[in-house]
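Two complexes come next, and they have one chain in common, chain A, joined by chain B in the first and chain C in the second.
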Partner chain A sequence: MKFRGKIVDIACLNHFSRVITTISKLTKTCILRLTPDNLFFVLCGKVANGGVSMWCELSQANFFDEYQMEGMNPEDNEICLEVAPENMSRALKTVQNAKVVKVKLTKKHCPCLTIVAELPTLSSVSRVVTHDIPVDVIPRRLWHEFKEPTVPDFDVSIYLPPLKTMKNVVDRMKNLSNFLQVIEANLNGEMNLKIETDLVSVTTHFKDLGNPPWGDGASQGSSSSQSRDPEAMAEARVDIRRLQQFLMGQQVNPSKAMCNIVHEKVVHLILLHDDMSLQYFIPAVV
Partner chain B sequence: MDCVVTGGNVKVLAKAVHSLSRIGDDLYVEPQKDGLALRSVNSSRSAYACFLFAPLFFSRYTIPSSYAFRCKMAIKSVQAVFRSLVSLEKTVEKCRIELDDQKNRLTFTLHCKHGLLKTHNLSFQDSESLQAVFDKDSCGNVFRAQPRLLVDTVVHFPPSLEEVTVSVSDDRMWVRNHVEDEAEQSKAMLTELCLAADEFDHFAVQAQNRITFCLKELRSLLVFAESTGLPISMYFDEPGSPVVLSVTDSVLEGNFVLATLSDDPNHCKDNNRRTCTQPPPPPDDFMNDDMDSYLIAMDTSIAPVPSTTGPSTSPLVASTCSKQPAAVSHRSRKRNEEEKGKEGDRTADLNRPPDKKFCSLFFGSVLPPSPQMSTQPITHQNVLASDSEDDTCME
Partner chain C sequence: MCLHFSTTMPLSTQSQAQDEQYVLVASLDNARNLSNILKAISFKDHAIFSATTNGLKVTVEDSKCLQANAFIQAEIFQEFTIREDLVGFQVTLTVLLDCLNIFGGSTAPGVSTALRMCYRGYGYPLTLFLEEGGVVTVCKIKTQEPEEPIDFEFCSSNVTNKVILQSESLKEAFSELDMTSEVLQITMSPSQPYFRLSTFGNSGNAHYDYPKDSDMMELFRCTKTQINRYKMSLLKPTTKALALSCKVSVRIDNRGILSLQYMVRNDDGQICFVEYYCCPDEETDDE
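Coming up: the complex of A and B.
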């Protein structure tokens, strides 16, 4: 198994670091899947992380100037690693002015993802910083756990309000709430965020958000979109901390941000950026 | 005692105090003929810092002539005098430090703009002098760099990182984080930075050694050096000997003496590797539960002893160095004892409670003025105290 990637463009390095930082705010560890064309950061829903799952997809060509990999074997030309994204984020944070950054899979005292940066100096010799991040190699037989999630049969799909606004609302609601946040939306471009406690209930209403056109081929609710009452709200009650964590991690406004709700089952958040896409599933609390 | 600091020097004095506050909780103040010494040491005696301000640093420098005055005070109180560096710079014209003998306090008066006077009366306790034994001029490895270089180096390490390992070859210096725990090694991220000799103002390597010491104290010196723009000099020998970090200019000298790990199991390149066996337990009154390898020796013996003052230009070299019953050695021990295999050492280490194997610094106490103290040149090398088998701390 081999992996070697090189980033020379400062903007690419900056974007790559930002993606990693976003991921690091969402989870302590995750799976990094490397394929010839893409990198995926995957978190599969487990009880330990509150059942949330995440799928982040980057096209390697958007970031790397050079990218070579050799997977397990020619049929399974992929590498699957368990890594702590915070380590990667930390390593990249201080080398933003590097001339070259290389990321490679190495074997030091254990398998590592090594980030080597050449920093500009006044002297004739570049300053080299090396970060060795221990990783665990995921065996082939477990790869099926980390497949791309399918878009669920949602009841409503809606564009999200500006993330910053949403974050402000959720932050304040969290202070009042008992950890449960209700997210509801309808096909009329309306979304409500609600919390209910013994003393108070607060609802923030968003209007005119718009609903993404998924097209006939995409999955819709079991009641087809034509017959669904546009005013009818699909709702899910989720752990507000998960939602807050998701919103806190976002550093840049995505080009598209939307939310699919399966009534009382799951909230599926999708963020599309120029160079990466991020999906986040928060299960509903019964 | 009556000293006055004016203008920009007030801020320098303040920064020195803040820097010392990151070492220990007490500030040891000793006005000497060659300047005002401000010192601090950490509780485990593995880090010592001293700033000496020459008389020329002050616009007035009067010290008690009839007796040697020294005291210690809570450093937080002194920090409170110099709390806001920004306002110090803008409003304070001079700072006066006076000794009030009767009331056992030092009065710090800040003369500010518009005739405003801020007076702080700080009580002190009498104390013995605090001086570490070290001689940086005899160290084999000497480096000097602009503070920016070191600041840019430590930025790659997380603020929480405790220890850092510095290794040198003839033309390179590597700095990496030190991971102590065996268990952590497979989980911890390792960061290493390589600096070339020509990034330094001075780079002299006598022995290609590798030392490990606490990053926190280095950071506190860096804050001082960066703000004053003074280059930082670094002196060390082999692991176990302390590393000395200094900043100097014509009117002040700052020395940070940090203990280094005495046994580096990774140091297999060095053929002359000497192992350091476990030190004898330190005296009970200073015993620190998880740091029994620390040397904590405030020797208060009366017997006149050969002093180990350095060359007269270096005001910070310690004075007395008497017999140290419980001192941890490093070099002297290594030579005295048989070399143990690496394995033996590791097992020995595993049996000990998890602790840092720092060989700490010896602090000789300065007795009531001894004529020997400042006149005898240092006759030998450095720092650490030898073990009880040696009669003297010198070799």
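Coming up: the complex of A and C.
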């Protein structure tokens, strides 16, 4: 098993660092899958993390100048590691001024992702910084748990409002609520966020958001999407802290942001950036 | 700016007929003109709202010894319609403030939240319609039976000593007050030291003197020497109102009850008032 990557462009390093920081705000640990073309950060829904799951996909060519990986064997040409993204984020922040950053899989006292960088100093001699981030290698037999999620059979798909506005509103709603948030949307470009307690009910109405044209290929609800009443709302009641966590982690405005709702089942958030895509699934509370 | 809630509200609650059901409707182009002043008196959970044709009065009390009142005259509102002589209700102030700031309370220039506050009367919630950037939020806040605010029976004819100071001068003193002192002692006198704030804390005694001919002293009307002590914990919240204000009047009546009146200028330069009444601390007896 081998992995070596080299980042030489400061903008690429910056973006990579930002992606890792975003992931670190969403989860304490996750799976890092390395394939010849991509890196994936994966979290699969377990009771411990409130059932949320995450799929973040990066094309290695967007970040790495050099990238070599070799899995266990040619049929399974992939490496699967369990890592704490916060450790990676911290390490990358310390090397943000480096000319060259190398990332490689090593074996120190345990398997590690090692980040090595040469940092400029005032003298002619550069300083070399090395970070060894402990990782767990995930055995082949468990890889099936970390497959790309399929787009659920959603009832409504809608573009999200500006994330900053959403975050401001959700932050205040969390103060007021008992942790439950209703998200509902329809095919008329309308989305509502609601909370309700004994003391207060608050509903925020977003309009003219637009609905993404998924086309015939993708699922559009029980094949009655053509006849679905555009005013009818699909809703899901979720843990507001999960939504708040998702919004807190976003550092840059995505080029596209959408939300698919399976009525009373799950909220599927999709963010598309130039160099990465992020999907986040929040299950509905029964 | 005009709020067109009747056409954009998906809940269709804003028809002309519906409007007539409200006993109070108050609108502001900038919700901060209400939320800022309410923040200045938000030291307790509950606030008593009292509306008349003159405007809105919001009262917050603490342990029967301290009372804060914020006055927002009808002229401050872009719309202020009241269908009864007196409309009163009580709400949880922290909830109201979170609602008023639902869009994050941004202080960016040109960005403001518009507010329409509606109340149908006893038993109904207080309904807020807030709008920023085309996004509308509707809040329904449960109201309670308003408690009767304390009447401190404070009247001008019983005022022994009065000064009006520019807030600048008091802001410094209040920010440096020794919080280990249980009381704040206020001395007002026609002779030296004229107007003095004193604390008695762990680091010793501290005095802040304001001479009657100081630049900061806009009015000085002291007739008799009075020394009164007030619990520091009760006066601490007044710092919020002081921070917002440009002028403050300090009056003490013949019973030692303190009245602090703060002149506050809002975002649009309009004047509102916040006043505090505080009873003297009876526990320590001066010799």
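Note that the second predicted complex is superposed on the first by the 285 of 286 C-alpha atoms of A that agree within 3 Å, B and C clash if a C-alpha of one lies under 4 Å from a C-alpha of the other, contacts with A are read in each partner's own complex, and residues count from 1 in each chain.
By definition in this document, contacts are C-beta pairs under 8 Å (C-beta built on N, C-alpha and C of every residue); 3 or more make two chains touch, one makes a residue touch a chain.
Treat the numbers as computed from the prediction; the structure is a model and nothing was measured.
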Next item on the list: With everything superposed onto chain A, say whether chain B and chain C fit together or clash.
Entry: fit
Check: For A:206, is the partner it touches chain B (first), chain C (second), both, or none of the two (neither)?
Finding: second
Checklist line | First, second, both or neither for A:190, with chain B first and chain C second | finding: second
Note to self: Contact-wise, after the overlay, does A:43 reach chain B, chain C, both or neither (first, second, both, neither)?
What the structure shows: neither
Margin query: A:122 in the overlay: touching chain B, chain C, both, or neither? Say first, second, both or neither.
Written below: first
Note to self: Just checking: does A:91 make contact with chain B only, chain C only, both, or neither of them? Give me first, second, both or neither.
What the structure shows: first
Next item on the list: Please work out whether A:169 is in contact with chain B alone, chain C alone, both, or neither, and reply first, second, both or neither.
Entry: second
Notebook entry, point to check: After the fit on chain A, how big is the angle at chain A between chain B and chain C, using C-alpha centres and going to the nearest 10 degrees?
Noted result: 70
Next item on the list: Rounded to the nearest Å, state the minimum C-alpha distance from chain B to chain C in the superposed three-chain model.
Entry: 8
Note to self: Give the list of chain C residues in touch with chain A in this complex.
What the structure shows: 8, 10, 92, 95, 98-99, 101-104, 106, 133-142
Notebook entry, point to check: In their shared complex, at which residues does chain B touch chain A?
Noted result: 152, 155-156, 158, 185-196, 198-199
Next item on the list: Note which residues of chain A are touching chain C in the complex, please.
Entry: 161, 165, 168-169, 171-173, 175-176, 190, 198-208
Margin query: For the complex, give me every residue of chain A touching chain B.
Written below: 84, 87, 90-91, 94-95, 108-110, 121-125, 127-134
